[in-house]
Amino acid sequence: MTSAEWDYARSSAGEGPRYVTGWGNSAVEIHRVGTIPVPVTMRLEVADHPPIVIDFARRTYSATLPFDRYPIHPGSVAITAEAVAPGSPAPFPGIGVQLDGLLWAVGITAFEGSAAPWLRPSDRYRLSRWPNFTELPHTMDYIRMTALLGAGFLSLPELCAGASVSVGQAQRILNALSLMGGLQVVGGVEEPTMVLRQDAADQPRGLFGRLRARLGL
Amino acid sequence: MAEHVILFTGPMGAGKTTAIEKLSEIDVVRTEAANTERQVADKATTTVALDYGEIVLDDQDKVRLYGIPGQRRFDFMWTILKERAKGMVLLVHNDADDPIGRAVEYLDEFADLYAKGGVVIGITRIDIAPGPSVTDYAAALAVAHPDKIVPIYTVDPRQRDQMRTLLMTLVANIETRDMFVERVPQREELVAE
Amino acid sequence: MSIPAHLDPQVKEHAARVLAGMREFAASMIYAAVLTDDGFEVADYSDGRTDASRMASMSSSVQALSDAVARELRIGTAEYVIIASDQGHVLQRRVPGQPLVLAALFDTYETLGKAIAVSKMGAQRMAHSPASEPGPAPAPTAVPEPAPADPAPIVAAVPPRDETTPRSIYAPPVSASGW
């Protein structure tokens, strides 16, 4: 990396704290900082709560409180991000936990059923890596949607149709997966070469649906 | 009546028999023999033919769960068992020698199943050996098979809910593959060309 | 932990002697092996055309599957397993009291009865392996009589067809008990 790039990266990481409202704005900030190509650490402080500290280089974070114990609509989140030298020690004691757990929780809840602002209505999505679902709270609908996204490029309406879910549900998983860096996003209108079959949607007679009913999942 | 055969593969001691015991609704048919290779897997018994378990869907249908013997000297059983399988749950224990190498080895061994059906990978015994990570496995698989995105989960085969998540992921993957078709170009597009 | 049978020179030697004894008694025996329950070859008597380690694995699987069937049907444990085919029959059984299996292939000219008897004799001798009974190797006269609890084979006493076959020191005395 040239020093100019380094300077750019440092400056986009920002200096003093930014104050934002709600998890949605926090997610935008996480999304922006998470794509910076140098090691960055981030600290999110919700008033009257212990800080959440992220080590993007190692994809880990540390927080003494589980995410669901933070307010749903925090009035003020103070966010500091800092570019650090490669190989710097983690910004918290211990080894932390997998960052995906935090990003999944933030992504699923932050925008409720609306689109994250970095996603566009004309986008198509394809999975680029499977989330480790045994470590993430999930429903069978999320597994089915993820499998669909793994099979081809899909638009939001196609994802809803294929998995028989509401727009809100589909949007939540797109928000979360893209925040985790697990989606390939292509913009524009061009249709992909592989498309969903017309009768693809509702498959209660399919093995997935039957097994799900049988196991009560 | 459709055949729903799911194969559990992976090296000796990965947890295949344990996983089938957790998922099966019937008493599992086991073929355990006294293990003389305690240095490879420190456990009393090892599978020498197959494991067989079932999840009953209705009067007509069941999901059949077959476990292979993990040791290569039983690979004739692998050949027999993989023929009817629709998909495979590959379990690899993280405390094995070169666990990523073992995962790639088993994927190659069952490549046809990988091509025709689906595969999910469960990394076991992470409480004993926390690394390598899911990301390390994914990176190695991306080199070996760049065209496929394989679900890789950390699992404890003794946990039923985790094994169900793994199984449902495999079934979802197999089924959604059949939901896509080649797009037929619209008339305007053909005219434009 | 004791040495696994397939790595114990004394057990291997004993197994080789048992197999050679079977062969001397039944010239129709083309191939035979003693293997561990989990499919490692301890010793084999072979025509050189059989891949002994692969056969050991297969015999181990067959034995375990047969036991699984017997368990499923609640008919006790499988005493022996026969694979009868055009060109020979394979007979295998567990070695009493040991985590070992004895498998043998006989040509079709052999009567099934004799094959069963020879394999039973071999298994009984194998049961007295030097590892489980420290001390001098069992004398040839120490051939165990069938345990009373042992169910009789389907075809019990078939006299050896070929009386000119040389008797090895391991060959059993033909006794009224008709092993």
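A few notes on this one:
Every chain is named by a letter (A, B and C) in the order it is written, and numbering of its residues begins at 1.
Methods note: contacts are C-beta pairs under 8 Å (C-beta built on N, C-alpha and C of every residue); 3 or more make two chains touch, one makes a residue touch a chain.
Predicted model only: the values in this text are computed from it and were never measured.
Because contacts link the chains only in sequence, without closing, their graph is best described as a line. Compare each chain's C-alpha centroid with the centroid of every protein C-alpha atom shown, and the nearest one belongs to B.
The mean-CA centres of chain A and chain B are about 27 angstrom from one another, to the nearest whole unit. Chain B and chain C have Cα centroids lying 37 Å from one another. One simple way to say how far apart two chains are is to compare their mean CA positions; for chain A and chain C this gives 64 Å. Contacts with at least two other chains are made by no residue of chain A. Remark: chain B residues 29-38, 46, 48-50, 69, 71, 73-74, 76-77 touch chain C in the complex.
Within the complex formed with chain A, the chain B residues making contact are 2, 4, 55-58, 61, 63, 134-135, 138, 149-155, 162, 164-169, 171-177, 179-183. Against chain B, in their complex, chain A makes its touches with residues 59, 127-130, 132-135, 138, 140, 143-144, 146-148, 150-152, 162, 191-197, 200, 203, 206-208, 210-212, 214-215, 217. Those residues of chain C lying in contact with chain B across their complex are 1, 4-7, 36-40, 53-54, 56-58, 60-65, 67-68, 72, 99.
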